[in-house]
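Heads up, there are several structures right after this.
Next come two complexes, and both contain chain A; in the first it sits with chain B, in the second with chain C.
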Partner chain A sequence: MVMPEVREAGLASYLASKGVSRRTFLKFCGGVAAAIGLSSTMGPKVAEALEIGSATGKLIPVVWIEAGSCSGCTESLAQAVEPDVATLVLDYLSLNYSETLSAAAGHSLEKAKEETIEAGGYILIYEGAVMTGWDGNALMVADEKGTDALIHAASNALAVISAGSCAVDGGWCAAHPNPAGAMGVQKFLKQNGIATPVINLPSCPVNPEHIVEVVMNFVLTGQLPKLNSNNEPELSFGQLIHENCPRRGHFENGEFVYEFGSDEERKGYCLYAMGCKGPQTYSNCPVVRWNGKASWCVEAGAPCIGCASCNPRSSRNNWVNNNAPFLQRFHDMHVGSTNFQPTTLAIAVTGIAGVAIAAHGFGMKFAGRTKGGAPIETESDWSKKQPKAAEAPEVVEDVQEGGDE
Partner chain B sequence: MAHLAHYKEAHPLPFVITHWINAICMFCLIISGLFIHYPAIPSIMGLCRGLHMVCAFVILINLFARVIMAFFIKSAQYGGTREGLDRDIKNYLPSKGNKHQFLPWIKYYLFLKKDHPKGTKYGSPQKLSYAGIPFLLLFMGFTGFALWGPTCDWGIFVWFTNLVGGIMNVRIIHFFMMWVFIIFTGLHMYLALIEGPAQVAIMFKHKEHGGMIMDPETKEIIGEDLDPSDPDAKRYFN
Partner chain C sequence: MARSVIDPVSRIEGHLRVEMEVSGGKVTDAWVTGGLFRGMELILQNREPADAAMIAQRICGVCPISHAHAACFAGEGAYGITLENGARLVRNILEGSQFLHSHILWFYNLTGLDYVDPTNALSANVADTYDLANAAGTGNSDFAAVKKHLESFIKNGQLSIFSGNWFSRDTFNLPPELDLIATAHYLEALQYQAKASQISGLLGGKMPHIMTSIPGGTTYVPTVEKIDDALMRAIEIRDWVANTLIPDTLAIGPYYTEALGFGKGPGRYAAWGVFNSPSQKPNERYLPAGVIDGKFKLHDVDESLITEYTGHSYYKTESNLNPRHGLTDPEFPEGGRDLEGKYTWCKAPRYDGKPYEAGPLSRMLVAYMRGVPEIVKLIDSTTKTLGVGIHDLESVLGRIVARNLECLYIANLEVEWLTELGKAAADPSTKYFTEPAHETGEGAGMWEAPRGALYHFERIKNNEIQDYQIIIPTTWNISPRDADGVKGPMEQALIGCPVDDVEKPINALRVVHSFDPCVACAVHVNEPATGKHFEVVTNPWGVK
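And then the complex of A and B:
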């Protein structure tokens, strides 16, 4: 949000005006340093970079575009009731355009966006799925197709941050049957031949700590963080939730919740049997946690639904399609509009095979093959059909004549 | 007596042992795998996880040992004889003795053909399925290691996981593969049993059984060996 009168007062006084002490700010900077792979003693350096940047206006501007989204990621960042340090820093320093958060609206805001894009050197944060349905008419903003706006803004950006699962791989918008043709930013840009690097920050909504981490990495080192094969920051999405889960001890001990409202749930046992997707979801949720490090899903008693699953190549395999129904250990499979569990299919096919074998057994009895079995043929069906030397002397003669010539 | 005699030459002892290891591991893998998928008995979860990995390694090492041995150990290529031994691997490759016998075998199983097809020790569909099992096991192991914590971040497993669209889909493939093995095992047991209980005796107990004798040269039935365990009995090839 652009607030010039606050900007002039400097970062320190802005934070102070929001009730953030210098100590809290430095603690946050230490956390940022650790999150981007530096020693947390680098915290003061991070603070310095932020303060110098804010004073000289040299920080990288951020353009935040919303597409097929519920604005949940913006909400996550804005934390309406009590903004945390991450939100304030990001908001104050560099957020030049945001449809939801900007005080301005209409033509003047679109003009500010256009100027930032023309100037280049910004990071584009994209929230929500790319809506490609009906030739891009599924989403129109300011008389422009959402797809065109993305191509325009992404072409000139230093990097695109796909904020939240919808931007990563279509998320909810791309859930079966996906009539609006929703897809992730990375796949869309690749299809349109735009080489701007994409950083995927899955989870629903995006965790603001992850955004600050990437932006600060850029500010301090001028480089993107180290990415994995899904273009996610390796430090944040390199370990399974299961690996850092506070309930892991119960998993190892074989103590599981089988029913909500049960004694096991009250004891805080492992939610594996309730369909927890922690063992297959890469994210540092248990470490960074949510809502200003207050808590996170599993700690709050809900099984992980795998919202940080990341499949930027295929929106068909995004976290919603891959993980729903959330309380089952497997996702549903679809044939037409019929949904069923893989277990049902497997048992049905195996049952049919079993019935076929049993029926064959009765057939064997009926055919009289059970007592000593059927007699072994003296000659195979194929060799019976072959002309025998004695029965077909002409053929043999022909061959011999040919050989003589 | 329509059955051929069953001699140890058809299934040398090393292959009886690898078959036992396969059977035990497969049973343990299926049971422990089901409990890992859903911890119906919570207290045995840790046991199942350990057992699953131990059996996975044992069955894969056993697979490599079995395939390597197939190139060196000789076994009978035809049933009902102690003669005509050749490298075991040839049992799983097309052979002259089975020429054009694939369809007759299918017809026989579908009751469209009255007589039992003749040919090598293993019929054509049998050769095909046994030759496929090592590849299925390797693929099963591959999907398993793509799911196992210590190996799932290796490049090739990450590549495969991304290819099929995530860990969930790898799990479902691994799960479906288990049912393929269950169906194979059921079919295998049934088809072995309808050829007679002597098959089971030689494979599990390594106990020989009398029956008709076949000349591996002419592929003709040339006699009967009623009691192969009796050293004084008149034997055709001795």
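And then the complex of A and C:
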């Protein structure tokens, strides 16, 4: 199946150097196949594709640009465990430009980027918001405006991966008052008439498993994964966090945490009363988890703050504007396309035991355990100041210089 | 005279540009430019302190925990509350795991490639490599496999992250065997920095950007199981730092003794202190607070002496204010960057009117002068081994040594704290959270990120933020000139730095990286004033 000289290739010996046997490697490849929606019997095919790529110099070139970013998404990629970042950037891909990882600096680094762009056939991974403030001067790299650099790099790319919420819709950088005119890649490229496909991977930072999923899919099939209407991979962003939450059972039983550091938290009760945004945020966080599957937010007693919720068409609907104050029980609960108004929720919570709300394929039941917890606000002071963007997500927004006020 | 520009400066966090005047083979003047403005302080207005802790940490993906904690301390000051002991321990552990992550990553994966040339490792003799590793007392790896991997990697012809590198036999001094050892450990380091972050994940939900630290304490009541998982990792990291990172530092250092001779900053050092002891007093922290003046004399920190000057930065108003009364009114100048006028997004912080260096060197010197026993022992024994004095640490190599010794100190403490938390967690009366005493007030969080002194200030009214100001460590270090024309610490450190090739000023890059700048910034070498064009640098295999 695999030619002997290919078996001697870099990847196999590298893995051997790390004590990874061929058997383990094949098992891992089966996992990769499953993660991108192929049958795990495709494992050997995955192995072959990876090994041939690393032996023949046909690895897919990647340009990773940091814009209005905190470098957290690059950092997040560095936390990938299977495969780890070294394997990923040395054996699966050719990462020709990365401000954080590249050995080169200055004009040498810019040259490497330029040559890659000219040659084409690369994937652009974009981290951070597009900074349009002061006519693009909010971000300058190598004496070039960040906005010009994006147009240049995206035009010739096979695809653009918007890694993390800032790249998807501006993220926190676009939070009110959006001082530097931050916006997402998809909308920016559309405004500039660039048709390169965009894959959105929201959450703050990006989950490295999501990057691996898209990239491996592309390496193996030459195709992008199936995307939803937000251009997110359907497989990763098709279900609510709530649907896969291990604390879900407590939600069904009406067992909630009402105070941090309490016995209820010790018992691992549901965090909904503390403002958890799991019931309205689409992501498979409870499945992929974080940091080599060590844990994830809710498992560590932290209510979800909805960092994976996004709206690539409107930077006003970034996750911070839509979800803060994070620890307030949500005044307007979205489940799928259905909005639960506070009154509905209040009735449900104030003791009509056994009220079942069936929506979007899941049922929930409040059992009347309703004391304490954060107050249910009819509308937060914060929200009163916000444009009512949530009700009109398709709004076309003009980003003005220097902010949105 | 020639201009040398590094833009972007890579292997840092953020966007930084460095422009230098080079004369007689040395840097005679320097300008450091922070290339990105996002406006965090403005975004935090009118929000709640708990939200500020969540949002403010997103200023930096490498040191988010420090920002979360500085924001928490500011909020707790405003709320008038003190942390419970359980929360104190959890925060130390979270902070410690982030320091370990950051320091390991920095030494091997960021600044490491200024000293280690993986392509040179190809000519290493594998048997000699084992001998050398044993002689240096550093960790073994399957060096043969790493070499073979490197060979096939280079044969493949795609250089990936090594595209356009500055490796050269003239400026990279290690023998091939040591290059091979360090390359093997470069790969190991990637695994250990991830392991350190897994501790943050276990107690913080995820890393980067933890979820559990909010004003009042921690939302998580840690379970014995999670603490055990974290402790196992902390022990592995401690052993690896002691047996690999430290011996590597001592093995590589002697090949670059010239790096003791340049890179000294202003010679003034500021540390706000980090890792609370049970007293929670800044001067009694595991790494205590203090400032060292230009005469190398230690003082207690006085917050009122901090000012930020904006005359050379892209802000409307020229001001020199204490951050409690600070102003953030960004405006990019119409004429663009002007080295005589406004040339950076970064403000110019000063302490008592003077530039101060922030970072592990500052912390270690302050701890040394405060007589923290473990630090005194570490510094004395290391300077003795290297045959240098305490003032030699005020250099590029000194910053590396200080950071790596600090890494060892924290690796030991991390195991202690986790052991202590394990005992505390078994006791159901241990507390982790405190409700606010009042919701109107103000507070400053003076803390440390891995890169140095970190300051968050907030004023709240009815739990709503009226004013928020942040001074990050890199702002101290990459500060532009002030009203008196006095250069910032990195600008001063670059002066006198030897530059043989204005197109590849590797020593300047070493100076910049020794601060581990965190600006999402880029250091650029400008068009040479001589009119000489940049040589086109391509890798010999071509970029694919």
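Note that the second predicted complex is superposed on the first by the 294 of 405 C-alpha atoms of A that agree within 3 Å, B and C clash if a C-alpha of one lies under 4 Å from a C-alpha of the other, contacts with A are read in each partner's own complex, and residues count from 1 in each chain.
In the analysis below, a contact is a pair of C-beta atoms (placed from the backbone, for glycine too) under 8 Å apart; a residue touches a chain by one contact, two chains touch by 3 or more.
Note that the structure is a prediction, hence the values are computed from the model and not measured.
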item: Partner chain(s) touched by A:Phe326 [first = chain B, second = chain C, both, neither]; value: second
item: Which superposed partner A:Ala105 touches (first chain B, second chain C, both, neither); value: second
item: Contacts of A:Pro179 with chain B and chain C, given as first, second, both or neither; value: second
item: Partner chain(s) touched by A:Arg266 [first = chain B, second = chain C, both, neither]; value: second
item: First (chain B), second (chain C), both or neither touched by A:Gly193; value: neither
item: Per-residue contact with chain A, leading partner among chain C and chain B; value: C
item: Contacts of A:Thr74 with chain B and chain C, given as first, second, both or neither; value: second
item: Which superposed partner A:Gly222 touches (first chain B, second chain C, both, neither); value: neither
item: On chain A, positions contacted by chain B and by chain C; value: 381-382
item: Partner chain B, residues of chain A touching it in the complex; value: 229-230, 240, 243, 251-256, 272-273, 277, 280, 306, 309, 311, 313-314, 316-317, 322-323, 329-331, 342-343, 346, 349-350, 353-354, 357, 360-361, 363-364, 367, 369-370, 372-383
item: Interfacial residue positions of chain B with respect to chain A in the complex; value: 1-4, 37-39, 42-46, 99-101, 104, 108-109, 111, 113-119, 149, 158-159, 162, 164-169, 171-172, 175-176, 179, 182-183, 186-187, 190, 194-196, 220-221
item: Footprint of chain C on chain A - complex, ascending; value: 8-10, 13-14, 16-18, 54-57, 59, 61, 66, 68-76, 78-81, 84-86, 89-91, 93-112, 115-116, 119, 128-129, 131, 133-135, 137-143, 171-173, 175-180, 182, 204-205, 259-262, 265-266, 274, 290-292, 294-303, 305, 307, 320, 324-327, 381-382, 385, 402
item: Touching residues on chain C, where the partner in the complex is chain A; value: 5-15, 17, 35-39, 42-43, 45-48, 50-51, 54-55, 58-62, 64, 84, 86, 105, 109-110, 113, 141-142, 145-146, 148-149, 152-153, 156-167, 187, 190-191, 193-194, 197-198, 200-209, 211-212, 214, 216-221, 226, 229, 330-332, 336-337, 428, 431-433, 464, 503-504, 509, 518, 520, 522-525, 534, 536-539, 542-544
